[in-house]
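What follows is subunit A paired twice: with subunit B in the first complex and subunit C in the second.
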Partner chain A sequence: MQKRLFILAALFLLAAPMFAQKYFTRDGKVKFFSDASMEKIEAVNKSATAVLDAATGKMEWKVLIKGFLFEKALMQEHFNENYLESSKYPNATFKGEITNLKEVNLGKDGSYTAKVKGRMNIHGVEKDVETTGTVKVSGGAIAIHSGFPVKCSDYNIRIEAAKVSNISNEIKVTVDATLNPMK
Partner chain B sequence: MKKIYILLPAFVLLLNAAPLFAQDGDLLSLLDDEETTDYTTATFKTTRIVNGHSVENVGEGVLDFKISHRFAPLRNGIYDMIGLDDATIRLGLDYGITDRLMVGLGRNSLEKIVDGFAKYKILRQSTGKRSIPLTISYMAGMEIKTVNFKDPERDNKFSDRLYFAHQVLIGRKFSERLSFQVMPTLVHRNLTTTPDDKNDVFSIGAAGRIKLSRRITINGEYYFVPDGQVATPYANCLAIGFEIETGGHVFQLHFTNSPYMNYTGFITQTTEDWFFENSEGKMMSGVRFGFNISRVFTLKKPKGLE
Partner chain C sequence: MKRILYFLLAIACLGGAIGYYLWNKPHENMQTAKADMTIDATALFNEFNTDEAAANAKYLDKTIAVAGKVKETTKADDGTVKVSLDTGSDFGVLCELDPLSQHARTDFAAGETVTLKGICTGLNFDVQLTRCVETK
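So, the complex of A and B:
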């Protein structure tokens, strides 16, 4: 009897931390693409941070606006200075959760489609967003890929009439990150 | 005794479950935030205020083509189209070797001067992990006056054509709208106009800008030359103007009292003040219209961009 209880206790000890496991990254890749009639603009940030709680499906992302790298130095300057106003709003964040956690088994290797819902904050404006992404679990790491549109007008990013043919109002954003277990 | 063994697993379960309850807090706060250095950008819109340099550099691999004109004084009115009939021109190319080191070459129509310079950003204004209140740059320039010597009979050497400029630029972006810089400047002339002229001329410059909108700024520049260095009559150079930025172009439209765009020229050879009394005691104005147009070309894509 006593032995059995010990085994039970040991099992709980081992199993519980597994459920509570958190995954993180500091080098997530966030890319965006603007496809306007006159000009195509692309930028990449390779230092997005994210934490995912495997037990609840909750996740948080943070991207430093000044960390976006453009092909042209001047574009980068205008992006920070005129549009995103990065000295005032240094980060873009997302706080949300995987809503179909029953179908996404983060404890088992495999590829899943995850539905994500939460609040996105860009340029100091917070918006409810919903999207889907693929989650690949393999060897204890979780690879996340997602793509979604972001409308400049939704986030109070004003594109003056003269630049409408250079900068698209709808920006395509893709996220690629591999999250590893915390500690 | 048995009770303890029954309670133990429950207790262990609770202990392990505790983090589950704590998850309502910030997940990101679980990562120790690495403090980063945030470098101040766009203290000025371009690498020049009007005639002289700003603390800005062009980015690595960026070529900046500059076309500058200074017209004749406005005072002749419609007769010479407020000075537009006459122009001095400078064509220049600047290139960023790194984000902190740039070089440039230019050709001035006035006195057929070829100028070259190198500018290095020693300190960058920043906040965060590394906090520095100022941007400090150093500019070294050389000018070759290729116009024919005034006195061909004299034993003219090539070195007599050479002029040098050294400048320390100390700038700060006080806010999104306001930037300011001071520039102690030394100009060296191998050959002076008169024997009373000093070869080395020290001056101190000050410049600033106020951003009116995200694309338009008002900017100004003043160089003060202390007495006793330039023997021939001279005036301190003052320039005030607007900057309009449109994507890859920056248009600088300004009023200045110097037709020169090279350092030796606008610091030591400017002769008319904004307002002055001529020899007959009549009030005159030396103000002229001028512009700089800057167009940048990215020759090299930055590293880390696929």
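So, the complex of A and C:
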């Protein structure tokens, strides 16, 4: 009887990590960089959220546009009012999944290259996107890094002719987040 | 004729000076910024979760003072400090301290009642406030 109880308890302990399959962070970093001939512009948001379902590889990211901090107040103002229209479209999201989950063992420490596919929503415009990123699993946490270009014209963000030498149409975006098991 | 030229030159200089000033316009000083309103953390969180669009219209971009109990304080490697205010739910009001301000303290004990003033950026699981400073 005792032996049976012991085996049952052991089975439960082994199965426990299987239940904690969702990973989350509210401290994701999203940075972007515009490299135009006349001007370089950089901004960062350190409060992006990300949820990853380790069983399916599905993930969701969300970042609030008004939370991007720029070096210059005027740039931040223009970014919000003229380009991203953040009062109308307060957030940007990505919903997608890791498509090569067979090669990315989220249950085992290591560094993997993940292929990701999904839908990005910026400025109220939704687009299919695909990119790759690195996934580092260590001690139960999952660190994700990725970088990809975002074209303003794809998301209906209009840059006036007078500003084309100040603002690049192709913005370099990087995302960094360390996700922990959801309690 | 010359007078007109001088006049135009003066206008151009003035324009340039205004442009230069605007270009270098500093970020708002959060220590001295006046809060548009003061609200309890739980009430704010509930408003956002009841009707996000209405809450966005009311609070986005506004400097608000939020009072509540500290749930936890986190410090990132890069120095970013975030104070989470309890709302009785899994999520709360997440206040990121202003990187441009001097803070009297960056340690907030769990359970302590504080009032933080910051700019509301919207709902992302938590209601988020950026550029926060503690108000007395």
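Just so it is clear, the second predicted complex is superposed on the first by the 166 of 183 C-alpha atoms of A that agree within 3 Å, B and C clash if a C-alpha of one lies under 4 Å from a C-alpha of the other, contacts with A are read in each partner's own complex, and residues count from 1 in each chain.
Everything below uses one rule, namely that a residue touches a chain if its C-beta (ideal position, glycine included) is under 8 Å from a C-beta of that chain, and two chains touch if they have at least 3 such contacts.
Predicted model, so just to flag it, every value in this text is computed and none were measured.
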Between subunit B (first) and subunit C (second), which, if any, makes contact with A:136: first, second, both or neither? neither
For A:90, select first, second, both or neither according to whether it touches subunit B, subunit C, the two together, or no partner. both
Of the two partner chains, subunit B (first) and subunit C (second), which one does A:115 touch, if any: first, second, both, or neither? neither
Is A:166 contacted by the first partner subunit B, the second partner subunit C, both or neither? first
The answer to whether subunit B or subunit C touches more of subunit A is B
Where does A:49 make contact in the superposed view: on subunit B (first), on subunit C (second), on both, or on neither? both
Please indicate which partner A:82 is in contact with in the superposed arrangement: first for subunit B, second for subunit C, both, or neither. first
After the superposition on A, what does A:60 contact: first (subunit B), second (subunit C), both or neither? first
Which partner does A:27 contact after superposing on A: first (subunit B), second (subunit C), both, neither? second
Where on subunit A do the contacts from subunit B and from subunit C line up? 26, 46, 49, 62, 64, 66, 69, 72-74, 80, 87, 90
Residue numbers on subunit A that touch subunit B, as the complex places them: 1-2, 5-6, 8-9, 12-13, 16-17, 19-20, 22, 24, 26, 44, 46, 49-53, 55-56, 58-60, 62, 64, 66, 69-74, 77-78, 80-82, 87-88, 90, 162-163, 166, 182
Subunit A partner contacts - residues on subunit C that touch it in the complex: 22-28, 56, 60-61, 74, 76, 78, 80, 82, 94, 96, 99, 119, 121-122, 124-126, 128, 130-131
Within their complex, subunit A touches subunit C through residues 26-27, 46-49, 62-67, 69, 72-74, 76, 80, 86-87, 90-91
Please give the residue numbers of subunit B that touch subunit A in the complex, ascending. 2, 5-6, 8-9, 12-13, 16-17, 19-20, 23, 26-28, 30-31, 34, 36, 38, 41-42, 58-60, 62, 96, 99, 176, 214-215, 246-248, 296, 298, 301-302, 304-306
